Structures are given as structure tokens and as C-alpha cells.
Amino acid sequence: MAERRINNMEKIRTAVAQDLLSGRIDLLLGWEKGLYWWQSRPLFARNSEDLQRLTWDSFCVANLSGYLQEELKENKKIGILLKGCDSRALNRLVQDQMVDRERVVAYGLPCPGLLDPRLLKQEAGLELTALGIEEGEDRVTLTGTKGKSIAREELLLEKCRRCHHPDPVGCDQLLLPPVGSREDRSRFHQVTRLEEIPAEERFAYWSSQFERCLRCYACREACPCCSCRECFVEQEEPRWLGKAHENSENFIYHLTRAFHSAGRCVECGECQRVCPVELPLMELSSKIIKDINELYGEYQAGLDTEQDPPLLTYQPDDPAAFVE
Amino acid sequence: MSTALGKTGEVPVNGASPEKERWTPLIVAFCCNWCSYAGGDLAGTSRMDYPANVKVIRMPCSSRINPLFILRAFQRGADGVLVAGCHPGDCHYTSGNYYVRRNLSLFRRLLEFSGIEPERFQVSWISASEGDKFAGVMQSLTEEIKALGPNGKWRDSRWQSVE
Amino acid sequence: MIFSESYHRFIDELKKNTGQDPNQCYQCAKCSAGCPVVAAMDLLPHQVIRYLQLGLLGELEESRTPWICASCFTCAARCPRDLDLARLMEGVRLAVLRLREGNRLSPADLELTPEQLEKLPAQALVSSFRKYAK
Amino acid sequence: MPRIGVFICWCGTNIAGTVEIEQVVNAARSFPGVVYAGDYRYLCSEVGQKLIKDTIKKENLERVVVGTCSPRMHEVTFRKAVAEAGLNPYLLEVANLREHCSWVHKDPAEATPKAIALVRAAVSKASLDEPLTALMLDVEKRALVIGGGIAGIQAALDIADSGYTVDLVEKEPSIGGRMAQLEKTFPTLDCAACILTPKMVEVAQHPNINLLTYSEVEAVSGFVGQFDVRIRSRARSIDPSKCTGCGICYEKCPAKVPSEFDMELGKRKVIYVPFPQAVPNIPVIDRENCLYFKRGRCRICEKECPAEAIDFEQQDEIIERRYGVILVATGFDSMDLTGYGEYGYGQHPDVLSALQFERLFNASGPTAGQVVRLSNGRPPQRVVFIQCVGSRDIARGQNYCSKICCMFTSKQAILLKEKLPETEAYIFYIDLRTAGKGYEEFQRRAAEEYGVIYLRGSVGKVFPEGERLLVRGVDSLSGRPLEIEADLVVLAAASVPRRDAPELARLMSINSDRYNFFDEAHPKLRPVETHTAGIFIAGACQAPKDIPEAVAQAGAAAAKAVTLLSKEKLQSEACVAKVDPARCSGCLHCEAVCPYGAIAATETEERVRGELLTRTVAEVNPALCQGCGCCTMTCRSGSVTLQGYTDEQMLAEVDALCLQR
């Protein structure tokens, strides 16, 4: 397994090195190892030296497509490594004309799902620094715990567990063999659970969550569909929203941000991953996706760029979620 | 919950107190100029009676709505919000209300998901000839929201209204 | 009284059973024009629908037509109103049977030995219960 | 904060009877920015308006709020008054104290606080009002009429007679349209050619009409008063300045193809005029079928033409021109009946569509006016007509009634009886719809004088039996199945929109109904307008209709067109959307929902770290924008707002209404 990973790594590196060194791309967006083994962080590679640090492992969670808009201002052509969810984010950005697809070389990495360090820690009952892992095909062995072995599936990030399209779409080339689609996963069980509890409890739940919001806007910064030049929360004219730590304002911020992602969210989970207070933000956008699917037909943002986004089209006999 | 709910003391709490009987909800209605606002005018010329706590904001088309207007109304103390437009197919601008139907259907479900009673936010199609429907919608909306009581969940704790 | 309460009950039941609404018909009679067994019928197919529209159930009960209809679906394929008359005919047969025979068959009435039961096609049992039991 | 004046109207006792005016005025004085608050018994009267005007000057008012009846009633009046006092008319706000307050609430204790709240909201909004100016748009004094059938011809003539230049574009080589294919017209049995041809000639000779046949509209942009249209005038391969219309070329042409004009029953040459009375009387070469264009050899027409008018090298001409108005009259098609296998259409030569049958009567038609069976050339002894083929058929055809079939079937039966009095005519109908002047009488004549037999019912199957056709049907009134041995079967095919109607609708951004008929702006009150200002519709492209209706509608549409053309300038909507390019990220979601095509991408420049970059942003064309604000709903960053109803104003209104419980 480890050998295969190394082989994969070489395959990836060779493919992108060719393009970077030949000048087909000026910059490669990929990942490199972070401070710890359970962290992989974005890599901005411009030369072969940088490329030596390139990595592809079970912790390459950051969706790099969000960097494109800014980086394209300074680079003519950018290569980018994309997992399934990331590729849909790129497609959605292209559909919204935020990114000129001609100036991007998209390398797809079919994704077996990424590991959640929090779950590793929980399973091991140890601090992550005291822990190591060995990854097999379907299982992960925790070293430092007398060799406890757990099904890989059990250790996946929440967003990976509900992922339906692990294979990248619309890429210029796939660097690894496809892993196949996974249709059997329930994406909405958490949303359904929340839908079913009484309104009062639901309000209490969200209040207790939003109360903790620091309004740091990390969710927005990391989100590939938050592509506005000036977010509504920062505008003075009109002043949509105050800046105080006030629960109604936190509600408005999060509901509006989620609603602004309607028809755009690719479920990459970056909003939730970067939240310093661990707000369950994906549930808001998942709720909207679920409703879109129920009311106006299945829509997966970034999957088919020819399909009209659901809020930009209509059918004369659309259903309504209100008494007309 | 403390910040928002803690202020419910300002307005009458649930329960059958005489105070609650007296309490009338504040309802903001966004109406399109060509159908619903005109329907409101017709309710007027026909001298139909509906509760005075409904206050109308005129817009050219229901598609001028922005969910942030609705959220703002709740935050500033509205107990209910209505968006009203032409019937599907009758939009003065041909298609505005079709987009509204999709947008606000999703938005309404999101509001409900956040714990707001869905009765507090409603959308209705009222034509220029439906003065009776206009008055009826205002009446039933008021009654539904009266039954729910004041909207304590969403009020900005710093916002003070005047009597 | 043609359009009595029992008429509406009957029509509702018919709609439920057949998924067809006889009032959708505008009496172009194309069903009758194309029906291959029309010569043997006392009421023409379009007249059956007309009788349904008028609630003349007694007359339908007397008519041979529903029993002659072979469900060849020629009428259904050509109907400009997208009505499936073959289904309606089946609905009429069902109604007449229930009207005439009442709840005539119950599982307990079947004095069949297990061997006999074994030999009977399950479908025959199911359809006879469907027709003769409420 | 601008200086705001508030004027409360009593409207006699209409408002003052329920609302305590004095309380409202006093409250208004305390609102931010209000420097004057007063009231008057009838504000809309001359004196009331004068009060407003005088006070604007005396108090140096910068914004005006009136608390009166509905703005739908008198907003225009008060805007005018404000403008006369030198203020921009859009610096006025109306609080609806009558229809939305005093008339619907009985108790002054409820109505008065509500009136105060409504005035407060209007004041808040007014303080954010900006002066707006409607554009004054030039009107190009030239009309484009698309479609040269009877509706297009009539409209072109009417507009041209009013003194404006008209370009009449027709796809076919000749104008005339469907009417030219007809032998006679109901209910008068006028010869269609006799009444149509003079009009066609008038078009050709009219000094104000520029006839573009064999031409199609390819692109439309712009807006009312200034539509920019690209027209492709296809190469006829004939030099019209030389051609004398002598007809030798098509006499000599060796290649034949089915004639579209004769509904494929007869043949035409490959160099041809569609019919003898064609206008213009200049042939075209059908390049797809011409032997020279296909195989590089022939050129017989060129050799034979005494005028040397044949030009194989001729190119399509692209005409780009500006028009003030566009009138669409593209007509209808006869529905393709291949889905009705039970009638044997397309399988048996003696089963014809009504339009095909019509051609049999015509002296220049495929049988030179002989009504005969195409299978054996003998006159028919018995003809069966079947109505509602494809019409009123929700399963395989169109849901609607095609309206003209009852009448044209009766007409054809009469024509048949006149030509072959011994021949029997049977008509299967479901309902007879003969509403129209002289129509019922006409149908009765067919039955009573001509002995046409009407059978209420349908036909189940038509199939050959020996030399004849066996029609198996039913007469639903007697409840009798019928079998009729016929020699000819004529199907009244549904009228459907032209196949390219959706494409044309898209080109012009006009709406169509579910069948692709063009939609009028209002089914009752704006029957010839479309939702796009400056584009009008007439004739059967809007819905099936007969000749008198098409002509009447054409005249109406022409009158509307002339009304626009006669204006020196057109005033656009002032409350239009506006994009802030600095904020706009160029996702163009607004463009996708705009019903008027008023939003388009444009480039803007910005400096990023010393470098000048261009990027795409949305831009509103204020001449096209009708001010609905749908674009604003799609814009997350509020980069596009609606002037007169800006985001700030809407929020200010919400705040004001919520301030007071």
C-alpha cells in the first residue's frame, strides 16, 4: 500500500513537473506536508524544488480552487490538483465566470476519502502527537496503540462519508485511476434529523451554535462559492447587518451566507472545516441542497455545467413551499 | 438563547392573559405594484376591513424582494412577513414571480429549519382584482400569528420600538 | 335526480379504481368509430361514457357493452382526450359486479381442499376476490 | 439630511374621517429631516397642488412626502406638481393613507398610528431619494414587418400609407403566404387570388415599402425606437434589374422537385416562381436541387434567358438596418399528420390534408383545377371530410381548437358540390363552431342547399378496399356505426405555429405560449403588443385565426406601430436597475433572469498591484430596462440595485415600519 502511494506520488509529480517546467503552467496549486503528520497544507509550486515538497495523502483536505481567482491576477496559467469536490467547485466558479477556464490546467485526483484527525484521536484515545498511522486498502492501523486497526470508512471526514462523486469532473487529465461513484450514501441524515425535531428545539440548537460564532468570516473566506468582491456583511451602504456579537445578527449572517450558496455549494465542507468554533455549517447548505432536489429536481452544483443553476431558471408549474 | 430570548420579557409572553388578547402582531407585507398592491387598493375602494397591524411596502415586482429585507423585518421586531405578487403566469414583467417562487420556497424552508415558525413568513399570489383575497390573507395571517404570539426569537435585543 | 350524492360517490370510486375521469370526454365518438366489436354492442362505447357522465347507472347495469369490450385498447390509443376507455369499461364491470352480486365471496366460502387450492392459479383467486368481495 | 416637506391630505372625509390628521402632522414634524408638515382638504386639487409648489419654494424643500390616496392613483399628478416647482419628480414619495389605511380600518385609534407609521416610512425612503431622469430615446422612423402573408401585407400597407418607410421581409420567393394558396375564401366564396393579388401588387409598387423576399431575419438587438436588425437576403441567382419575368427559364429548366406551394402534390422546376401571380415576378434558383450547383453542369436557363439575367455567382446579401418598430406576422403551418396512422395519411394518395385538397381546385394547381383522385385521375364520387385532426387532441395533437377548420371544411364541401354536383360530401365533425359574420348561414347553406351530409362523430379508421377507401366511423347522434366507401378523404389538419417560431421568439426576446404561438402582452387589453416594447404581432402567429381577423389585427398592430413611429422621442422608464461595477464580480446571474435582455457583460478596468487588468462586469441598458428588479434578487453583493427602490431605501422602509408597533 505504502509503495503504491509512493508510485502514485511519483506519477503525479512527473505529470505536473512536465507542465510546470515546460512553461505550460506558471504555478501549480497542490499540497505539501504541514507541521504535523495529520496536516497537509496548500503548496504554491513554481519550480522543481517546490515540487519536491508536493504531497497527496489522506489529509489533503484544503479545496484549492478558492485560490484561483486571486492567483490568476498574477499568473497567466495555473495548474491545480483537484479532488472530486474541488473539481466541482472549479466548474461552478467557471460557470459563474469567476475563473477563466482557458487559463487553468486541472489535474484530477480521484479521491478515496480523507481521514479525520479528530476521529483518529478519538479512536486511539491518545494525543495525535503520540500517534502514527499505517494505511491499508480498507483499514487503518494506529501505531502506538498496540496496533489497533479500524475500517478506513469509519475514520473518514464527515464530508467524505456523504460524498457521492469522489471522481473529479471536467478536468483536463486524471492523474490516477477513477474510484467510481458512491451513490448509496445518505447525504442528508443530519438534516433530516434536525427537520424532525420541534421548532423550539431546533431554534435552541441553532441559537446555541450561532451564539459561539466569532464572526471571523473564515467560513466565507474558505468557501469557493463566496466569490463576491465585497460581502454584504462588510458593506456600509447599505448597511445590511451590524457587526455586534448579537444572536439575531449571527443568525442573519449564517442563514444569508448559506442562502447565497444556494445552487452553488459543492459540499466541499471547507466552511465547516475552517470554523474555529466548529459550527455545523454544512447542515445549512445541505438543507438547501436537499430542498432544491426535492422541489426542483436533482441538482449537484458543478457536475454538469450545461445545466441551469436552479435559481436561474423555472418551470411554470414549479411547486411552492408555501400556500399560494 | 439568552441574548435573543432573554428580551421576550419586553413583549407579552405566551398564555391567555388579557395582555395577550390586547396584543397585536406587527406584520410587514411586501407587495408588487401591479397585482398585490393594486389588490390592496381594491380592498380599500371596496371598504373591506382588515387588521391595521399590517403595513405594506410597495415594490415594482415581487422579484424585487431580497431575503435580507425579510430577515431585517424580523430582526427589527416584525412578528410576521408577507411577500405578495402576481399569480404565476400573470407577472407584469412576465417571469419575476416564477423566480420568486423558487427563491422564497427555499428561503422559507431554510427559515423553518433555523427554528422560525413557518407561519411567520408567507408568500401569496394576489391579483389586482382580488381585493377580497388581499383582505382575507391579511386577516388570516394576523390570526395565525396572533396564535403564535410575539416573535421573540429573532429580535435584535438593542432595537426599541415606540408605541 | 341524476347527480345525487350516490352518483358522486360512484364517480369518485370509479375514478379511484380506474384513474380515469369520464368528464374529460367531449363525445367525439372516436372510440366507437374505431372499436372492432362495436357491431355486437347495444350501447356504443362513447355512449357508455355519456351514461357515466349522466349517472345513468341502471342502464349501464343492463347493457351488454361492458361485457363485450375485449380491452383491445384501440380506443385508448386514439382518444384525443387521452382517456383510457378500456380501463373505464373495466371499472364499469367491477361496479356492476359489486352492485349486482354484492359481497358474494369471502375466503371462508371457498370450500376447497388444499389440493384444489394448489392447482388454482393464484391470479384467478386474487381476481375473483377483487371482483366478488368487498 | 435633505429638507423634507410632508403634506397630509384629508381627501374630504375619506381620510380625515378615520385618521386624526393633526396627530399625523404633529408626528411628522418630529421625523428626521422634516422641516415642514401641513395638511389640506384636497391635495390633488389645483389649490392643493399650488400649496405644495409654493411650500417647496418657500421652505426650500428638497424632498416631498404626500400622505394621500394610493400612489397608483395620483403619484403622477404629484410628481408633475413637484417638477413644476423645480424639483426632480422622483424626489416625491406617497404614503397611501386612503386605500391602505382609512378605508380599511374603522377605528381612528388604529388607523391613526398606522397612518403615522406609513408616513414615517415614506419620509425615511424620501430622505434617500435621488433625482432620476428618464432617457429620451430617438425613434428611427422605419418599420420592419416580418412575414408577407395577408397580415404582413396589410400591416405594411397601413404603416406605409401613414407615411413611414416599411421593410417587408418574406422568407419565400414571393409574398402572399397561406392566402395565396387558397382557391376561395369563406363565407363569401370570393376568389382568394382576386382579392389578394391587388394588395400584393400595391405592396410592390408602394413608394414607402421596400420588399425583401427570399430573405430572413438573422439577428435583432437594441430596443424600442432603435432595433438593430440583420437580414439575410438570399441569393436568387437572378439579376432582378435585368429579369423581365418572361418565364422562359423555368419552361426550359430540366429539373423538377415537389412544389411547396402545392403542398408537395405537384412538381415545380428548380428555377421557379412559386405561383403565377408571384410578387415579385422574379424567379429564384433553388440551389440545393439545381443541377449546375449540384453537379457543375447544365446552365440551360442561362443559355435560354433572353435578358441575360441569370447570375450563378450571386451572393447572399446581408442588410443591417435600424428600425423603430418591428411587426411580426409569420403565420402558421398545417400540422404534420404522420402521427395519425389510422387515417392512412401519407400512405394512400387519396387521403389529403385540407390545404392539399384546396390546391386541387386551383387552375394553376397540380391538377390544373380538376378535382380528381390522385390514384387514378378520375373525379371522386364520394368525399369524406374529417374535422379536428390534431386539434382538440391532448394525446397526439394540440389542446386548442384551430378555429378555422369548421368553416374551411364547409367551404371545401361547397366548392366540391359546385364543381361536381353529383359527388357526395360527408363531413365528420365533433362540434360545429361557426361564430362569425355570415358563418352560421354559410354552413347551413352547405347542408341545406348543397346537400352536404354532416355526421356528428369521428372516424376510427380509413383503409383501402379495392379501388376505394373504406371509412369506418360513427354517427354519435344516432348511435350508429357507419362504413362509407369514399374516393377521397380530406383531413382538417390543425393549424400550428411555424416550425421556426421558437427561434424567432428567441431572436426578438418575445414570449410564446406552450404551443409556440407568440404571446400578446395582455390577452384582452393589449392584444397586438408583445412584452417587448416596440414589437407587435398580427395574424396566425399569435393564434389560429381566419382572414378577416388576421387583417383586423394587422391593422390594429399597424396603428400601434404608427403611434410609436409618430413620436419624436420616447421616454424610457426612470426607475431602472444600475450596476456598481466596483462591487460587481461579473457572475452575470442577473443577465440570466432579466426578462428584457437589458443586462449584458461589459469590461471594466482596475488596477491590481500597479497593473491595469480588465475584468467582466454586468451593465444595465437603461433604455431596455423596465424596472422590475428581478436582477437584484440574484445579486448577493447588492451590486445591482433598482433606482427608486434601492436596497437602502427598502431597508429604511422596513426599519421605519418596524419602529412603531
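Order as written gives the chain letters A, B, C and D; numbering starts at 1 within each chain.
One rule holds for everything that comes next: a residue touches a chain if its C-beta (ideal position, glycine included) is under 8 Å from a C-beta of that chain, and two chains touch if they have at least 3 such contacts.
Values in this document were obtained by computation on a predicted structure and should not be read as measured data.
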Pair exhibiting more inter-chain C-beta contacts, A-D or C-D: C-D
Per the C-alpha means, the centres of chain C and chain D lie apart by a whole-Å value of 48
Expressed in whole Å, how far the mean CA point of chain B lies from that of chain C is 51
Compute the distance, rounded to whole Å, between the mean C-alpha positions of chain A and chain C. 58
Sequence positions of chain C contacting 2 or more other chains: none
So which bits of chain B are touching at least two other chains? 68, 72, 95, 99, 103
Where in chain D do residues touch two or more other chains at once? 593, 634, 638, 647, 651
Every pair of chains that touch: which are they? A-B, A-D, B-D, C-D
Considering only the defined contacts, which chain A positions touch chain B in the complex? 191, 194-195, 199-208, 211, 232, 240-242, 244, 246-249, 251-252, 255-256, 258-259, 262, 284, 287-288, 291-292, 295-296, 310-312, 314, 316, 318-324
Under the touch definition given earlier, write down the residues of chain A that touch chain D in their complex. 73-74, 96-98, 227-232, 235, 237-240, 260, 308-309, 311-313
Which of the residues in chain C come into contact with chain D in the complex? 26-35, 38-39, 43-44, 46-47, 74, 78-82
Spell out the part of chain D that touches chain B in their complex, as residue ranges. 70-73, 96, 98-101, 103-107, 110-111, 113-114, 117-118, 121, 511, 531, 575, 593, 595-596, 626-630, 632-634, 638, 642, 645, 647, 650-651, 653-655, 657-661
Contacts from chain D onto chain A in the complex sit at residues 582-589, 592-593, 608-609, 613, 616, 634, 636-639, 646-648, 651
